[in-house]
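Letters A, B, C, D, E and F name the chains as they come in the text, with residue numbers starting at 1 for each one.
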Amino acid sequence: MINKKQSIAILNSTAPFASTNGKDALDLALIFGSYEQNTSLFFQGDGVYQLVKKQSPDKISTKDYLKTFAAFEFYDIKHIYVCAASLDQRALSDDFHIDNVTVLTTSEFSKELHARKIILRF
Amino acid sequence: MQTLAVMVTTPPHSNLTTTAIDYIECAIQKGIKVIGVFFYQDGVLNASSYLSLPNDEYQSIKQWQRLNKEYDLPLHICVTAGEKRGLTDEIDDQTGKKTQTNINDAFILSGLGELVELSSKADRVVQL
Amino acid sequence: MTILHLIRSSAFSSNDLKQCISNIEHYDNVVLLDDGCYNINHPLMKQLQDKSSMINLYIVKDHAQARAVNFDDISKEVLNSITMTELVALTFSNDSVVTWQ
Amino acid sequence: MQTLAVMVTTPPHSNLTTTAIDYIECAIQKGIKVIGVFFYQDGVLNASSYLSLPNDEYQSIKQWQRLNKEYDLPLHICVTAGEKRGLTDEIDDQTGKKTQTNINDAFILSGLGELVELSSKADRVVQL
Amino acid sequence: MTILHLIRSSAFSSNDLKQCISNIEHYDNVVLLDDGCYNINHPLMKQLQDKSSMINLYIVKDHAQARAVNFDDISKEVLNSITMTELVALTFSNDSVVTWQ
Amino acid sequence: MINKKQSIAILNSTAPFASTNGKDALDLALIFGSYEQNTSLFFQGDGVYQLVKKQSPDKISTKDYLKTFAAFEFYDIKHIYVCAASLDQRALSDDFHIDNVTVLTTSEFSKELHARKIILRF
C-alpha cells in the first residue's frame, strides 16, 4: 500500500527523441500522478525541447509521446515548470504545445525544486 | 531506523554501477534499512541471466546476487524497460510452452507502481 | 583529403560540436542531423558560419522539421537543407567520415 | 560499384538507430553496395530475439530483419559486446545441453575481425 | 529544505555541472564523485568555490585517487574529502538528493 | 581475407571508467593493429584522461585496461597522438603512463586525422 503522499519532482534535462529519457520520465510522472502522489514536472537545459510546439516526430518515424503531455491534468500532475534561462539560451519562445506551463526564473526554478522530497532526473 | 530506496539506471558494464553497489553496501553496513533497489532504463540489464563479463572484470551481477542473499535486499526490475532490452519472464519456444526466464533469480520483475511504493515508504530516494 | 563531419548531438548538452570545429579543414563538409539540428541556435554556430567560405554546411531537413527547428532565416549560401539520400552522396564525395555523437 | 560498411553503436529504442536504418536503406536504393553492418557496444541489443517494443513504436528489429531479407544485408553483432549485454549463442539449461539462442536469426555473431574485414573491403566506413 | 547534489559527470564533456550550479541554494551540499572528480580543474569550479561560504563541497576520495585527480592544493575549508560511508550520512543530513549524471 | 591495408584512426574522446568507450576503442585498435592495418590512436577532449599517469582503478574495483596500452608497440599501433589544447584545458601535463605519445597542436591534430581513410570515434 502507498501509505503517504510524497512531493516528487521529475526533472527533464534531455531533448525528446535521441534517447528514451523523455519518455521514461513521462511514464514515471504519470504513474506517480495516478497514485495520487504530489507530482510536478520540471524542464531545464535541453529538456525544454520537449515543450516546443509543432514538432513532427512522424518525419523521423518516431511515436509522438509528447501528445501524452495533454493528459497531465487527467493524471493529476500538479505543476509544470520550465526554466526561462534555458529557453532564452536556445532562442525558444514560451509558446508550448500544452497549457498551464509556468515559466520560472533560474532562482524561482531552484526554489521550487528544493521544495520537493524526491527528485528524479532524466 | 532510517530507510532508503535506490533507483539504478546504469548498465552492469559501467563503473557507475560499481559506485551504486558500493553505496548501497555502505548504507546497509551503516545500519540504514535499504527497502529496495529499482532498476530502470539500462539498469535492467543488470538482471540478465545470460550476462557474461570477462572473468577479470568486476562482476556486478555477482555483487547484486550477494547483496540480495546476504541482506535480503529486494531487487526490482522495471518490466517495460526490460522488454525494450530483451528481458522477459516467459519465453515461448517452438512448443508454445512457457519455459524459462532470461532474468536472474535474484531479481523480481515489477511495474513502475513498485517504485511509487518504495518512494512512499523510504526516507530518502537516491538515483544512481 | 576531406572529412564529412556528422554532428548528431546538441552543443547545449555536450562538447562534441566544439571538438568537431577544432578538426575542420578547408573543403570539409559538416552535416547537422538528429539532435545536432538544435545547434542552429547555439553560439558555436557562428564559428561554423564564419567558415562557410571554406566548408559546406548542411542540415537534414526531416530531422530539423521533426524537432520544429526553423532554419528559414539562414541563407542557403551558408546552410543547405538535404535529404538522407543526399547525405549518402556526401559520404562518397568526401574521403572519410567522422561521427560526433 | 561503390561499397559501404556501417558500424551501429546505438540501441533499438533510440531514434539514432532509426536514422541508421534510414541511411542504410537510402544507400542501397541509390545503388551503393552495403557490404555489411557491424553492431558494437549497445548496438548489439538490436539483435535480441526477445526484444519487445510497444506496438505503436518504431519496430527497429523488424526493419533490420526486412533489410536483411530484402537486400541480403549481412548483420554482424560483436560477440564480446553481446556477452556483456546478455546475448549468447549457446544457453545451458539444467540438462547442460546447448538449446537455443536469444539472438535473432537475421544476425550473425562475429568477432571484431569481421569489422577489420569489412573496413578493408569498403570504400567508406560510417559509424552511426 | 536542502539538497544533496551528486555530480557524476565531467563538465568538460557535459552540461550537467552548469545546470547543477543554477540549482544550488544556501546550506546545500555538493559532492564530486565518479567522473565528477575531473571538475576540480574545470573553470566552473571557481563558481562552486565562490559559494563555499554558503554550501559544503565534497569529493569522494577513492574516486578521485582512481583517476589520479589531485586535490591536495585545495583548502579543506573549501573541499572536504569523504568516504562512501560519509556520502551515505550526507544523504540523510540533507532533505533530498539530485543526481547530475 | 583482408585484401588491402587501410589507414585507421581510433579517436578517443571519453574518460576511462564511467563508460566502456575507452576499453571498446582499445579492443578495436588492437584488432586493427594485429591484422596489420595502418592504425593510429588519437586522444582529444576527455579522452586524454586515458593517458594520465598514476591512476588506480583498483580503488573503484575496476580492471586496469589502461595497462594494455603498454602493448601498443607489440600490436603494431603506428602512432599515438594527443591534443595539446585538451591537455591544457584540463591542467594535465604531458607525463603519460606510456611512451611514444606525440603531443600535437589542435591544427596538427586535425591534419593527422584528415590523413586517415577510416575514423571511428568513442
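FYI, contacts are C-beta pairs under 8 Å (C-beta built on N, C-alpha and C of every residue); 3 or more make two chains touch, one makes a residue touch a chain.
Bear in mind that the values here come from a model prediction, so they are computed numbers and not experimental data.
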Problem set entry | Neighbouring chains shared between chain B and chain D, ordered by label | A, F
Exercise. Starting at chain B, what is the smallest number of hops through touching chains needed to reach chain E?
Worked result: 1
Seminar exercise, completed: Of C-D and B-F, the pair joined by more C-beta contact pairs is C-D
Exercise. What rotation angle superposes the Cα atoms of chain A onto chain F, in degrees to the nearest 5?
Worked result: 180
For this session: Farthest from chain F by Cα centre, which chain is it? Let me know.
Result: A
Exercise. Looking at C-alpha means, what's the farthest chain from chain D?
Worked result: E
Exercise. Could you state the distance in Å from the CA-based centre of chain C to that of chain E?
Worked result: 35
Problem set entry | Inter-chain centre distance, chain E versus chain F - centres from mean C-alpha coordinates, in Å | 29
Problem set entry | Centre-of-Cα separation between chain F and chain C, whole angstrom | 26
For this session: Provide the list of chain D residues touching at least two other chains, using ranges where the numbers run on.
Result: 13, 15-16, 19, 22, 84, 125, 127
Seminar exercise, completed: Touching two or more other chains in chain A are residues 13, 17-18, 20, 45-46, 60, 62, 118, 121
Seminar exercise, completed: Shared-interface residues of chain C (touching two or more other chains) are 8, 12-13, 15, 34, 63, 96-97, 99, 101
Exercise. What are all the touching pairs of chains?
Worked result: A-B, A-C, A-D, A-E, B-D, B-E, B-F, C-D, C-E, C-F, D-F, E-F
Problem set entry | chain B partner contacts - residues on chain F that touch it in the complex | 17-20, 60-63
Seminar exercise, completed: Interface with chain F, chain C side, in the complex: residues 1-3, 15-16, 19, 22-25, 95-101
Exercise. Where on chain E does chain F make contact in their complex?
Worked result: 8-10, 12-13, 34-35, 38, 41, 62-63, 65-68
Exercise. Contact residues on chain D for chain F in the complex?
Worked result: 7, 40-41, 80-81, 84, 112-113, 115-117, 119-121, 125, 127
Exercise. Tell me, which parts of chain A touch chain B in their complex?
Worked result: 1-6, 8, 20-21, 24, 27-28, 31-32, 35, 37, 118, 120-121
